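All chains are identified by letter, namely A, B, C and D, in their written order; residue positions are counted from 1 within each chain.
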Amino acid sequence: MDRTLTLSFSCPDASGIVAAVSSFVAQHKGWITEASQHTEHELGRFFMRMEIKASSLDFPPEAFGPHFSPLAQQFGLEWTLSDSDQPRRVVLLCSKQEHCLYDLLARQVSQDFRFIVPCVVSNHEAHRKVVEAHGIPFHYVPVTPENKHAAYRRMEQIFRDEKADLIVLARYMQVLDEELCRNFAGKIINIHHSFLPSFAGAKPYHQAHRRGVKLIGATCHFVTPELDEGPIVEQDVIRVDHSDTPDDMVQLGKDIEKVVLARGLRAVVEDRVLLAGHKTVVFR
Amino acid sequence: MDRTLTLSFSCPDASGIVAAVSSFVAQHKGWITEASQHTEHELGRFFMRMEIKASSLDFPPEAFGPHFSPLAQQFGLEWTLSDSDQPRRVVLLCSKQEHCLYDLLARQVSQDFRFIVPCVVSNHEAHRKVVEAHGIPFHYVPVTPENKHAAYRRMEQIFRDEKADLIVLARYMQVLDEELCRNFAGKIINIHHSFLPSFAGAKPYHQAHRRGVKLIGATCHFVTPELDEGPIVEQDVIRVDHSDTPDDMVQLGKDIEKVVLARGLRAVVEDRVLLAGHKTVVFR
Amino acid sequence: MDRTLTLSFSCPDASGIVAAVSSFVAQHKGWITEASQHTEHELGRFFMRMEIKASSLDFPPEAFGPHFSPLAQQFGLEWTLSDSDQPRRVVLLCSKQEHCLYDLLARQVSQDFRFIVPCVVSNHEAHRKVVEAHGIPFHYVPVTPENKHAAYRRMEQIFRDEKADLIVLARYMQVLDEELCRNFAGKIINIHHSFLPSFAGAKPYHQAHRRGVKLIGATCHFVTPELDEGPIVEQDVIRVDHSDTPDDMVQLGKDIEKVVLARGLRAVVEDRVLLAGHKTVVFR
Amino acid sequence: MDRTLTLSFSCPDASGIVAAVSSFVAQHKGWITEASQHTEHELGRFFMRMEIKASSLDFPPEAFGPHFSPLAQQFGLEWTLSDSDQPRRVVLLCSKQEHCLYDLLARQVSQDFRFIVPCVVSNHEAHRKVVEAHGIPFHYVPVTPENKHAAYRRMEQIFRDEKADLIVLARYMQVLDEELCRNFAGKIINIHHSFLPSFAGAKPYHQAHRRGVKLIGATCHFVTPELDEGPIVEQDVIRVDHSDTPDDMVQLGKDIEKVVLARGLRAVVEDRVLLAGHKTVVFR
């Protein structure tokens, strides 16, 4: 696979941005292999993402910043550049349920999308063997009402030691504290087992069963201090009927949870997700 | 198509019900072509639906009741029998939006499922011509804050005159009053343009847009005096993304609304829907 | 809605195209509200589509061609420009089945997307009343083995008289002759009632039933002289099971046929569909 | 979970079967918790499946056969009885791709449905560690053009030693020989990475890409000596577009393959799948 630079940015909407940015790339012989744009009218902001063949540019990837900065300043761009040669480091957090963990491990093995799992953190020992069979370190960090604060600080230390770019709650059954949410804002994604905003909070499948809905869902979202209120990245649903008990829904829901989490994570890892207020722009 | 009797019932759960009912049918030479059953454990109730070839029975359809009553009493059955030779009379209510109306008219023309539209009632004149082109009477009943009570009584009169078995709110944009809901309890179905319980009430697509959800939905439900709280019959969703405005969602949602309403109506017309408290059993 | 110009083009792939075209638009103060691009590597061709606010340009829409031609020639662009003030004229062809016809009529009434139906042509009289209730002329053109050639020539005359931009076979049950396919190449779209390439030809639902598939589908494609072989625009499927007879599939399939045809037509009308050999690029 | 007996059978269609079987169960105090039936008219055969609470019967599970046989003979039933206390032994075959293997291992860990994996067989060593981390024996059986016959005989021996009820080709990339297919007829299920009958044979995603389809699919089917022609158990599809390369389709397809295989396996394990000629009846 060719080395690729992915530029994504947002800025106040104005005419000429696309022309300016694509001319900059063209002047430096850059080959744009993919580009997407969007204007969020309520916010008056413009969003763009483009992939550029690194080898086509007339400067090395490290020199992109210095060359691009003047233009970025002119239009007030908030921008990031990522390099396919430096895959994202994604720490996985799990509890007892295995479906999201196994699914992400399988994707890491085959590199469905480019990411590294530097370690797995869990409040249970259940999955140590399988994780270690992949050569991935497994950190057991129990969380109790008493040790909560200390436990989360220890986890933060692990994230920093492992140079985590992203933290994924792969059906991790503890609510992170506000400090952790703030310190890693925009870097933590969760899978909630309902089609938000329906059935936020605890036991969503039981809530769904009580209401008699005909579809159940899952939502991948950024974690913010407000429980289940963060910007939504991806959602999907699956059909149920009157014969499904809450336990059946728990089983059926797993197939949706893991696929929604994986799609959401992939989009984030590939810089397809840009925050727009409390919503997201998700480029395909 | 063969003349078919559809027996559906619910009763307190007990062993031997299926055996008793199917033996009754067998003793009378009845040929069961389809059968479904369900136990609602919370309610301790058993639900069943079966289709029987009318010609196979050793008594005429009219004699089913007298023959079946003793058994029904023994097990405490609440039962209904419907006859494919007497299609349901379904009154359609619409406002300005045309998609559900046209969809149901098309299905009535081709008899996708067996039903008759004895008349259409609307608070707008918009669709008179198309309705009348089908030879179906069109009743214009304007509803204003002042005349509401009188208008709904006039509509009730129309329902009675037309011997309506069912009333379908095909994107009818007025909230029925409590009296009407009570008088026709279990006979009115509505299509709500959200995936309930999310976004009940007014302008659900605008609510969905504000929250940044990645799927929008529609819900077919029985109408009760509590707005958008009635038992759910059918739901479905469709994918949207950041580029869709509320107006785009209104357009996209139409494709889901009409198909969810049609599926829900079909299930009700074919006696596949049994009420179980504030939920439904929907046999396939 | 603002007047919008939609530019779409393809050309041999090269670096600098996006920069050149977007700079051209920017120099003329044009505001790009939507843009999509794609490279078809097998063909070595680049495809692009952009929407421009007409009022933002420093020349009138009519002057786009003269201004743009030099650039278009330089890069070898095959391009079209369409103007939202001149909606596409879409002639509908139908036979006895009503579902696609009604669906498109409803969309035309509410202008789900911008198009005009100048007339409907049918080999049956069945839907004259409903079509005429919309103020749309209805042409009855019977097709028999004997009069086929004459009938298709008469239809071609109607298409020309009505200045048809597109012809839609809305479950039209006759196979167009080669002459008609050639004369209106790239302008005729059909809905086939299977998930092509499975079950091409006659009675696809019966074929599907025989094979015991668990999903049935529909395919919207451009019509070419090779039956059911034209470039595919859109497809979708719906679940069936062992209990569905071929007749049930015919009914269930209607819901997929009409929605797939409508989505395909919408994409074509909005210039989102570009031909790439025997395949299509369909921009969202 | 209660111990459950699942009775499934097929027989020549006749009236009175349901009555006879449910009366038999009722006479022995059996509690039917789930029941489904179907008539395959082309074959003139009737199919039924019922779940019975083992503890409710007035005889032990082992005595079901002797009690039921006379009735079974009278109606010509081909029947099987399975006991939830004796979960199916499912041998997994895999090659290099990991997604189906990991998915089934995860389901086995959490017992999404009741089954045991007595061993995994592979023609590659790739997944030994992960399999053994679960305490499951891993058999490496390389298959080359030269050793094919011997390799398959060795595999048959493993299946017999492990008392395999079912063999699952979890993206196993070798074509089983006819002898193996015959010896384990009705016991081997495969996941094919296309929506059959489209794109049977090798490299289906490349075939799909060439044809320009807008959805790709997967099919779970019984293995017969005719490649990709066995009775279909389950299918599903996922959307692709012009921008997806064959390699992208390979990645995207994995999400459909694993879920279709798992659903198909679950249905088979739960005795929901009955063979009806070259098709299947799949009770929900």
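Basically, a residue touches a chain if its C-beta (ideal position, glycine included) is under 8 Å from a C-beta of that chain, and two chains touch if they have at least 3 such contacts.
Since the structure is predicted, the reported quantities are computational estimates derived from the model, not experimental observations.
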Most distant chain from chain C, judged by the mean position of its C-alpha atoms: D
Pair joined by the larger number of C-beta contacts - A-B, A-C: A-B
Same or different residue numbers at the chain C/chain D copy interface, by half rule: same
Centroid distance [mean C-alpha coordinates] between chain C and chain A, Å: 37
Centre-of-Cα separation between chain B and chain A, whole angstrom: 41
Multi-partner residues of chain A (at least 2 other chains): 34, 243, 284
Touch list for chain C against partner chain A, complex: 15-16, 18-20, 22-23, 25-27, 29-37, 39, 56, 284
Complex contact set, residues of chain D against chain C: 38, 40-41, 195-199, 211-215, 217, 231-237, 241-243, 245, 276, 278-282, 284
Parts of chain B lying in touch with chain C, wherever the complex brings them together: 34, 97-99, 101-103, 105-107, 109-110, 112-113, 129-130, 132-134, 243, 251, 254-255, 259, 262
